[in-house]
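Look at the two complexes coming up: subunit A is in both, with subunit B in one and subunit C in the other.
Then we have the complex of A and B:
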C-alpha cells in the first residue's frame, strides 16, 4: 500500500478519534480547572479528597466490585456450560440477544416487575413470603446491573474457553490431576485473559452507572456517574463534574493497565 | 525371561452414538517392556485404543485389564500410564520446567525431588539447560521432547504415543525415530505407539498391530508382517506390493500370470484360488528370454535409492519393480524372482487360521 492510500484510510480514524475522543477529554480536563465563576482553581480536585466525595468514590467502587463479582460468578459457569453443549451458537445468541435492546427500556421493564404490585411481588405473595419493598434497594440495583452486564462478561470468557485446546485437559488428567485441579491449574489460568477482558468490560462502565441508580435505586445509591450527571445538569458546576470525570478516566487507565498485563510463565 | 502381560483387552467394543462402531470386539495382550505399534489408516480405531488405555473414553463392551486388574471404570488420573499427545498438548502458560514438573506437583512430590527428576528427564531427552524457556520459544522437535520428558518423569509403567512424530519434517522424524527407540530401550518402559506411517512402524517396533475398520487384521514382528501379510489389506498397507490372482495347484506349486511356479507355501486345498504377493524389491530385471515372467515397461521413476518401474504382463497384471538397474520405457523385459519371494494369501483367512495352518505344517515338517 503506498503512503497516499494509507493516509486516505487513516483519515476517518484520525477524525473520529480527534473529534470524539481526544477533544472531549481535553475539554473535560480544561473545565476541571475552573470554578463556578470561571476562575482558574485546583479546588475541584481538592474537593475530591473530602469525606463526602471519598465516600461516594468508595461506594462507587464497592458497587462496581459487587456487580463485577456477581457477573463473573454467573458468567463463567454459564460460558463453560455453553461451550460443552451441541448448540453453542444458539445458546450464546440467546444470552447476547437482550443486550441489543435499549438499556432504558430494560430498566423500565424492571420498574414494572419490581414494583409493589409487580410480577416479583405477586410471586412472593403466592409462595407465602408476602410483598416486599424490592425497588429502590441495593439488591434491585445490583440485580438489574448484573442482568445488564452479563453478556459483556460472558462473551470474552466464552471465547477464551472455546479456544482452549481440549487436549490440554486430557493431558492434565493424564498427568494425575483431578477435575478440580485441572480447572485450577490449567483451565482457569488459560482463560484468565477472557476473565480480564470481561472484568474490564463490566467494572469500568459499572463505575459510572447513573441511569440505573436513578431509576432502580431511586438515587439511594450515589455513584460517581450520578455525581457527574448532577453537577452538569442540576448544580451546573461543570468544573466539579469534570474533575470527577477526569478521576474516572484515570481510574479506567489504571484498571486497563492492571488487568491488561500479560505475564507469561506463571510459577 | 517370563513374559509378563501388562495390558489385556478382552473383546472390547467401542461405539459412538450407539451405532458407529469404532472398535469391533478387539482382543490383544501387551507385554511389559516392549515397543508396540498400532498401525492403520485414519479412522481404523488406533487412537481409540490409546484413549481407552489412557482412560479418556470408556469401552461400550468388553474388559480392559491392567496388571491383571479390570480398569474400565478407573479415571484417567488414577492410571499408571502417561500419554505423549499428537499436538504435544504442552501447557502454554507454563515454562519447560513447570510443564515437566506438572505431574510431580500434582502428586505433591518434595521440591528437591521434583528438581532432581525434572532435570534428569530433561537430560534424558537432551534438553538440559532449557528449563526456563517458554513453550512458544521451542521448536517442533524440542516441544516433542518436552512432551516425552513430561511423560517419563512420572515413571509410568506404560507410555502411550499418539502419532507424536507426524508434525515433524522428514529428517527430524527419522532422527526422533532412532531417539524414541533408544529411549524405550534405556528406560525399559512399555511403549505403545500409534501411527499411520508403515515405515515408522517397521523401523521402531518389537510388535505391530495392523488395524483396519475397528479390527486387528494382523499382529506380529515387523518382519512377520512384512514377509507374511495375511491378506490384501495388510500386504497393500505395509510396504508396496504386487498382488495378483492365482491358483494353488498343490503344495509348493502355484499358478499365476499364466504359468506355474515353485513356492514355499503349503497346507492349502488343491486348486484353491489365492492371491499371490511379490514385493517390488524381490523382482529382478533381466533379459526377455531369461525372465520367469515377461513384461513391458510402462513407466519409470527415479527414486534416489532405486528406480521404480511400472510394468504390465500379457494378462494385464500390473508389476511394480524396484531395481537399482535402469530399464527403457516401452521395452519388453523379463522378471526373475526366488521361490521364497512368492507369498501366497488365502482369501478371507483370519490371523488365527493362518497361524494354525503355519503351525500344522511346521509340525508336519518335524515329523518327517
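Then we have the complex of A and C:
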C-alpha cells in the first residue's frame, strides 16, 4: 500500500484520537488548576488532601473494595460450577444477558423491592425479623452494586477456568493433593489472570458510578464518581471536579498496572 | 466415578434466581392496576396505554434511536478506517501507541468521559444538545468498532491482497472487493456493539445533554429519581424484550462469524 492511501486511512482516525482522546484528558488536567473565578491555583489539589476529601476517597475505596470482594466470592464458585455443567455456553449466556439490560432499570427494580412495603421487607416480616429500612442505606448500595457487577466478574473468571487443562487437576489429585490444596495451588493460581481482569472490570466502575449511589443510597454514600458529578453538574466547580477526575484517572492507571495480566500459564 | 453433589446445582439455581428475580419483579408489576410495586391488585394494560399515549416520551425514544443509528454508522466507518490504518502500520511502536490510545476510552470510567467531553464542548462552543450527544456517542463507539474489526483484519492473509494487486486491481478495488467483504462479520459485530453501547449509555449522555434534549436513559433516570411510577415498569418490559431481540441478533452474527472470539459483556 502506498503512503498516500495510508495517510488517507490514518487521517480521520488520528483526528478522532486527537480530538476525543488526548484533548479531553489534557483539558481535565488544565481545568484542575483553576478555581471558580478562573484564577490559576493549586488549591483544588490542596483541598483534595484535606480531611473531608480524604475521608470521602477512603470510603469510596472501601465500598469499591467490599463490592469487588463480594463479587469475587459469589462469582468464582458460580463460574467454576458453570464450567462443570453440560450446558455451559447456555448458562454463560444467561449470566451475560442481565448485563445487557439498562443499569438504571435494574437499580429502579430495587427501589420497589427494597421499599418499606416491598418484597424484601415482606420476606423479613414472614421470617420474623420485621420490616427494616433497607433503601438509602450502605447495605442496599453494596447489594445492588454487587448484583449489577456479578456478570463482569464472572465472565473473565469463566474464560480462565474454561481454558484450564483438566489433566492438571487430575495430576494434582493423583499425586495426593486434597481438593482444597488442588484449588489453592493449582486452579486458583492458573486462573489468576481471569480474577485480575474481573477485579479491574468491577473495581474501577465501583469507584466511579454515580447513578446507583444517587438512586439507591440517597446521599448516604458518596463515591469519587458522585463527587465528580456533583462538582460538574450541581455546584459548577469544574476545577475541583477536574482535580478529583485527575485523581481517579491516576488511580485507574495504578489499578491497571497492578492487575496487568501477563498471561502466564494459560494456553 | 466421583459422587455428584447436589450443592453446585443448588448454588447455580440460587444465583440465577437472584439475577433474574428483580427483572421479572419489574415486569410483573407493569400489569398491576394498583399503581405501586408492592401489592398486586389486578391485571391491567393501562400503563402500556399511557406509555404509547405519551407524545414526549415517543419523541425521546425516537431521539435515542436516531442518535444510536447515526453514531453507530459513523463510528463504524471511522473505526474500520482506523483498524485498517493500525494493521498496515509499519512501525511497531507507532502501532502499539495507537492501540493504547484506542483503548483509553474503553477503560475510562463514564464519569471521566462525560466530564471531559463537557469541558471540550463548552470550550469549543458547541451547544449542548443533539450535536454534543451525537459527537460523544460517535467518540466512545469508535474504539469498540476498532476492537471488533482488528482480529478479522489480522487473520486475513496478505497474499490475498497481493494476488488482487497482481491481477490488476486498483487500491480501491482491493479495499471494496477483497478487504471489506472479508472483514464484514467484524464490521457487523462492531456496528451492533456500537448500537447497543449508544442505546444503553447513561452517564456520558447525562453530562453532555443540555436542557432541551433527552435520551431514554436520561429520562428513565429523572423519572426514577422522582420515585416509583409503573410507566417505567411498562417501559422496561418493552426494553427487555427489545434487548433479547438485540442479543439474539448479536449472537446470530457471532455464530455466523464462527466461534465467537469474545462474548460481549456490556460496560
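By definition in this document, the second predicted complex is superposed on the first by the 241 of 267 C-alpha atoms of A that agree within 3 Å, B and C clash if a C-alpha of one lies under 4 Å from a C-alpha of the other, contacts with A are read in each partner's own complex, and residues count from 1 in each chain.
FYI, a contact is a pair of C-beta atoms (placed from the backbone, for glycine too) under 8 Å apart; a residue touches a chain by one contact, two chains touch by 3 or more.
Computed from a predicted structure; not experimentally measured.
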item: Partner chain(s) touched by A:59 [first = subunit B, second = subunit C, both, neither]; value: neither
item: First, second, both or neither for A:23, with subunit B first and subunit C second; value: second
item: First, second, both or neither for A:245, with subunit B first and subunit C second; value: second
item: Subunit B or subunit C, by number of subunit A residues touched; value: C
item: First, second, both or neither for A:111, with subunit B first and subunit C second; value: second
item: Partner chain(s) touched by A:165 [first = subunit B, second = subunit C, both, neither]; value: first
item: First (subunit B), second (subunit C), both or neither touched by A:132; value: neither
item: Partner chain(s) touched by A:41 [first = subunit B, second = subunit C, both, neither]; value: neither
item: Common interface residues of subunit A - those touching subunit B in one complex and subunit C in the other; value: none
item: Complex interface listing, subunit C residues touching subunit A; value: 8-9, 11-12, 15-16, 18-20, 22-23, 25-26, 29, 36-39, 78, 81-82, 84-85, 88, 98, 101-102, 104-105, 107-120, 123, 135-136, 139, 142, 171, 196, 200, 202-203, 206-207, 217, 220-221, 224-225, 227-228, 232, 236, 239-240, 243-244, 246-247, 251, 263-267
item: Interface residues, subunit A side, partner subunit B - complex; value: 165, 167-168, 170-178, 181, 185-186, 189-190, 264-267
item: Touching residues on subunit B, where the partner in the complex is subunit A; value: 54-56, 75-78, 81-83, 85-87, 89-95, 98, 102-103, 106-107, 134, 136, 150, 154
item: Subunit A - residues contacting subunit C, complex; value: 1-2, 5-6, 9-10, 12-14, 16-17, 19-25, 27-28, 31, 74, 77-78, 81-82, 84-85, 91-113, 115, 117-119, 147, 150-152, 155, 201, 204-205, 207-211, 214-215, 224-225, 228-229, 232-233, 238, 241-242, 245, 248-249, 252, 256
